[in-house]
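Here chain A shows up in two complexes: once beside chain B, once beside chain C.
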Partner chain A sequence: MKWFALIAVVITGSLLIYGVSDFPDWGDAQSPANAGAKSSTGEPIGESVSQFYITETGRLTHVPNLVTAVLADYRGYDTMFETVVIFAAGMAIFAILRVLREDKHTLGPPAKDTTADGDHGRIIVGTTCKILIPVIQLFSLYVVAHGHYSPGGGFQGGVMLGASFILLAVAKDLGSALTWFTEKRFMTLACVGILIYAGFGLMAQFLQRHFLDYGVLHVILPKTDEVMARSHSMLGVEIGVAFTVTAIMFAIYANLSSRGELKRGL
Partner chain B sequence: MIPIFDYIILIFMVIAAIISLKVKDLLSASMVFGIYSFLICLLWAEMGAVDVAFTEAAVGAGVSAVFLIATVYNTKRRSSD
Partner chain C sequence: MKEFFETSIEPHFNYWVYVILMMIGLWAVIAKNNLIKKLIGMSIFQTAIILFYVSVGVKKGSGIPIIPKAKEAAAGAGEHGAAGAVNPDLFANPLPHVLMLTAIVVGVSTLGVALAVAQQLFKDFGTLEEDEILEQIKTADKASPDG
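Showing the complex of A and B:
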């Protein structure tokens, strides 16, 4: 069986490396993305994507960070379903691990910390986390809100915000993280995030444009033109992504560490 | 892009990958996997893909290492092969 697995891995690996050999070099100016697609005789067919993004994004969307503009606007449909994938991952973990019925075989009460430095360790870790967690949360909100001006955005900020709750759960116990971030709240937050994203798309559709064509939202958003409406809508969908990712990250940790009982974690 | 820096990171990545597969203690394996994620994050930051590097640092090195450790604590710590 081991030999069979080895052969399968070697074949897959060599196929992947063979596939990569067809890629253009890193930073190649003549690659299709940078120079535009060419037909087999070398005549250009169609415009270069990179060129368009670099020259037109600032003018059309007023977003300096091209990556966010591509992610949330030009390829908004992809990002929406990326968020749905994360949501689905959380639901899968929930469906597999969560124990909804009270069972006789559940774990007993939490084991007492009998190590010699138990109390001192708790004081140091607890104090550190008390100082660190607000800073992490503030920084993660900055990452979300500043995502279209600097590196960052909904995914990164959401993961950091979720990680701050995970840190609380690791440092104290899962129960104290769950008293504020209850199961009902994080499940609602995960759904609300996707609804925000899809809502922006549907609003554009109600205003007689394509799904996720944010430009038209200047009709609803006050004091904006078509360009600023795209910028603001990008912030809106990033906030939606951050909601879902925060909730799902914490949900996955809570279910994994407590074997789906959501009572006590590590 | 600095070639020597690239090669150093890539060599360390291969070493980290082999260690995380070979080590018997699954907790150490997940820690080494976190190191692997940080190395690839460094590589991306150095190639100029800062957004991807940020995501890798947050998701790959941060949260998924925590998920793996949480799973190791709830299963068994020693790997059988």
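Showing the complex of A and C:
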């Protein structure tokens, strides 16, 4: 098995290295990926979609952060189904691990009450978390809401918000995190995120445009023209993405760390 | 040797790094016996692909793909009647960033599913070594040939 693996790895690696010699140099602004394909004489034979994104996004959407604009508008379908993949991953973990039946034999000893006064070992950790977690959550909301203007957006902010709940679960115990963020709440939040995203697409369809063609939403959004409607809808779908990512990140941690019982964490 | 380094390794060093990382990941996925080590190999493989994509979008001398004052730049383009107000060479290629942004989060979720399956396997077989699991399945098959 090891020899077979070594041969396969070496063959794959040498083929890839052989291919590398045809690749454009590092940092080449005129490479096909950056500036579009060129014929052998150097004539451009097709417009690069990246060039279009860089030069036209400002005019068409008024969004400074090109990554957000491409993510939520031009490649809206892709992002929607990436969110669905995350949702499906959460559901798969639920289906694989979650123990719904109360089984007396698999339960360990009852969870130690770490909030009691006697537990001095966790005072420093607990106080630090009390101070840090609100700041982390506030910052993650800023990352979501400010994704148009600075690096950030739904995925990053959602992961940070989920991580703040995971921090609570690690520092205290899973039970105290679950009292704030119950299973019913995070499952609902995951569904609501997807529905928000799909809802923006469907609204555009009801207004007789293509699915996820946000420009037409200026009809129902107050005080917007076609350009700003795209910008505002991007914020909307990013919030949907953030909901789903937050919920599923916490669901993955909660199920994995408690072996699907959602009682006692690590 | 020096000439070889300057002509084929130095301008392509990002591709060399990604190929090496990819080989490490592939080796771990194929050759390692422990399922968790296989998953670590899968993550290294994924990291190699992410590195490849992001390094393809690099332009020398460009900044992050955020256009300051996008509205004003767009208005300037409208006045002069051309879309040339934004110079594409000054901004990194946003497309690989977008693709990898979603790939990272999806990678984390799929890794979570893989870990859940591994946890369930450990619950059933008491081990995460591939050959031991296969042996247990074989002996279970021999014990009940009709099943």
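The definition used in the following text is that the second predicted complex is superposed on the first by the 219 of 266 C-alpha atoms of A that agree within 3 Å, B and C clash if a C-alpha of one lies under 4 Å from a C-alpha of the other, contacts with A are read in each partner's own complex, and residues count from 1 in each chain.
The criterion applied here is as follows: a residue touches a chain if its C-beta (ideal position, glycine included) is under 8 Å from a C-beta of that chain, and two chains touch if they have at least 3 such contacts.
Just so it is clear, the structure is predicted and the values come from calculations on it, not from any experiment.
In the superposition on chain A, A:V67 makes contact with both chain B and chain C. In the superposed pair of complexes, A:T12 makes contact with chain C only, with no contact to chain B.
In the overlay built on the shared chain, the residue A:G58 is in contact with chain C alone; chain B does not reach it.
Once the two complexes are laid over each other on the shared chain, residue contacts for A:I136 go to neither chain B nor chain C. Contact with chain C, but none with chain B, is seen for A:F4 once the two complexes are overlaid on the shared chain.
Of the two partner chains placed by superposition, chain B and chain C are both touched by A:V159.
Set against each other, chain B and chain C touch different numbers of residues in chain A, with C touching more.
Look at A:P151: by the touch rule set out above, it reaches both chain B and chain C. In the superposed pair of complexes, A:I252 makes contact with chain B and with chain C alike. Legend: residue contacts after superposition of the two complexes on their common chain; A:V170 is shown touching chain B, with no touch to chain C. The interface of chain A with chain B overlaps its interface with chain C at residues 26-27, 65, 67, 71, 151, 153, 155-156, 159, 249, 252, 256, 259. On the chain A side of its complex with chain C, the touching residues are 1-2, 4-6, 8-10, 12-13, 16-17, 20-21, 23, 25-29, 31, 33-35, 49-51, 53-59, 62-67, 69-71, 75, 78-79, 82, 85-86, 89-90, 92-93, 96-97, 149-151, 153, 155-156, 159, 245, 248-249, 252, 255-256, 259. Of all residues in chain B, those touching chain A in their complex are 1, 47, 50-51, 53-55, 58-59, 62-63, 66-67, 70-71, 73-74. Against chain A, the residues of chain C that register as touching in their complex are 8, 11-16, 19-20, 22-23, 26-27, 30-31, 55-62, 64-71, 73-74, 77-78, 83-86, 88-89, 91, 93-98, 101-102, 104-106, 108-110, 112-113, 115-117, 119-120, 123.
Chain A contributes residues 26-27, 65, 67-68, 71, 143, 151-153, 155-156, 159-160, 162-163, 166, 170, 249, 252-253, 256-257, 259, 265-266 to its touches with chain B in the complex.
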